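Presented below are the structures under discussion, each in the form of structure tokens.
One chain, chain A, links the two complexes that follow: it is found with chain B in the first and with chain C in the second.
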Partner chain A sequence: MSDFSKALDVSSSGLRAQANRLRHLSENISNADTPGYRRKLVSFQTAFSLGDAPAEVKTGRVHLDQSELEKVYDPAHPLADDTGQYDGSNVNLLIELADAKEAQRSYEANLKMFEQTRKMSSGLLDLLRR
Partner chain B sequence: MFEQLDVFRMSSSMAVHAGQRQAIASQNVANSDTPGYVPKDIAAFEALYQSGHDGSAQRATRTGHLHGSVEGQQIAEPFEVRDEASPNGNSVSLEAEMLRSLDAKRQHDRSLAIYKSALSVLRSTIGK
Partner chain C sequence: MDIKAISAAQKYSAAIPAVTPDENASAFMKDIALDFADTLARGEHTAKDSMIGDADPHALVQALAQTELVVETAVAVRNKVVEAYQEILRMPV
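After this line comes the complex of A and B, so read on.
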């Protein structure tokens, strides 16, 4: 396997991981008003690589944020307890949006690397042209 | 036949080196959010060429060998670049990786230009 295909492989693994992260973020955002929803967290880890293969990245297991759920006061709500409160979700939109911005930035960086590698290998192929 | 000519050999190993550097930079960017990841780099081509030492990694001669170059491929030994780390222990700087990748691209273009020009000299000697 040439270095270029290795570079393309590892860049696409980065793109995949960031897209997966973005998917979980949008899941959190769309469930921001679901009662009792705990936000999902994904972490990245380096995939095990054999020989001189580059270290690809993959998303690890999904964790649920165990921080306290927001208490919402609404006595008319069907889930409300004796005190008139029910458990909301622990999603903080500000955090999710900041995280999404970071994911976008990393995604673009990976895309840039992919493009750069593609340019290099097409330059190599141009040697065959006269 | 071309492998015997020094200018071809040098420019092609320069292109291989640039490819390796690009692969390393891509790896660093892909892992830019992995907790605890330390970015890697390989020595500059000039340094490797002048020292005479090819800087290659250990060979993997069996399938059980986890690291090292396979099939007689010469790969430069990557080393870790310790830099300021973010709270999760990751010390990749996207800007530095972009520069590294740009460096690799320029080196690759340069080596291809040398190869091309040497090839055209060779062509003109056979009158085509």
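After this line comes the complex of A and C, so read on.
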């Protein structure tokens, strides 16, 4: 396998990892109003590779954010305790949106690398056509 | 005149190994062709999978980019070979 195809492999592993991250972010956002929901945290890690194999990235295990859940005051809610409060989720929309923006930027960076690799390889092949 | 004929014969016998087909080269070309067919088949397989909804789009894009690269290389090499062949055909005998 040439270095070009390895570069393509690595770039697409980055794309896949960012897409996975975005998926967990959207889970967090859609569950922002779910009582007792803890936001999911995605970590990245290098996939195990031997020797000359390219160091691809992948998403590791999903962790749950253990920070305190938001207390919501609503005595009419079926989950409300004696004080009229129940546990909401600990999702902060602002953080999730900022994270989504970061995922988008990283995705674009990987796309750019993909494009760059293709451009370079077709430039090399253009040499043969002359 | 005699000496010239001898040196021409020597040059000819020296040039023979350069134009005899190499056994290793054909095995090498066979490997390349097999690799080419393999990449093409993988691309088609991934395309089929993603139409059914099995593969993720990243795999599809990656496989198709790989296939494009391989096909372009094969076409470029073929053009070069045909060009060389035509060059030989045009040679005044």
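Methods note: the second predicted complex is superposed on the first by the 129 of 130 C-alpha atoms of A that agree within 3 Å, B and C clash if a C-alpha of one lies under 4 Å from a C-alpha of the other, contacts with A are read in each partner's own complex, and residues count from 1 in each chain.
Rule of thumb we're sticking to: contacts are C-beta pairs under 8 Å (C-beta built on N, C-alpha and C of every residue); 3 or more make two chains touch, one makes a residue touch a chain.
Given the structure is predicted, the values throughout are model-derived calculations rather than measurements.
Visitor: Once both complexes are superposed via chain A, do chain B and chain C end up clashing or fitting?
Guide: Overlaying the two complexes on chain A (C-alpha atoms) leaves chain C and chain B fitting together cleanly.
Visitor: For A:4, select first, second, both or neither according to whether it touches chain B, chain C, the two together, or no partner.
Guide: both
Visitor: See if chain A has more residues touched by chain B or by chain C, and give me that chain.
Guide: Answer, by number of touched residues of chain A: B.
Visitor: Does the superposition put A:78 against chain B (first), chain C (second), both, or neither?
Guide: Touch partners of A:78: none, neither chain B nor chain C.
Visitor: On the A-aligned overlay, A:113 touches which partner chain: chain B = first, chain C = second, or both, or neither?
Guide: First partner only.
Visitor: Between chain B and chain C, what is the shortest CA distance in the superposition, whole Å?
Guide: The answer for the closest chain B-chain C C-alpha pair is 7 Å.
Visitor: Once the complexes are superposed, what residues of chain A are shared between the chain B interface and the chain C interface?
Guide: Of chain A, residues 4, 8, 114 contact chain B in one complex and chain C in the other.
Visitor: Report the residues of chain A in contact with chain C in the complex, numbered from low to high.
Guide: Against chain C, the touching part of chain A is residues 4-5, 8-9, 12, 15-16, 19, 114, 118, 121-122, 125, 128-129.
Visitor: Which residues of chain A touch chain B in their complex?
Guide: It is residues 2-4, 6-8, 10-11, 13-14, 17-18, 21, 43-46, 50-52, 54-57, 102, 105-106, 109-110, 112-114, 116-117, 119-120, 123-124, 126-127 of chain A that touch chain B.
Visitor: Looking at the complex, which residues from chain B come into contact with chain A?
Guide: That would be residues 15-16, 18-20, 22-27, 29-35, 37, 57, 60, 65-70, 73, 75, 94, 97-98, 101-102, 104-105, 108-109, 112, 115-116, 119 of chain B.
Visitor: Which chain C residues qualify as touching chain A in the complex?
Guide: Residue list for chain C touching chain A: 56, 58-59, 61-62, 65-66, 68-69, 72-73, 76-77, 79-80.
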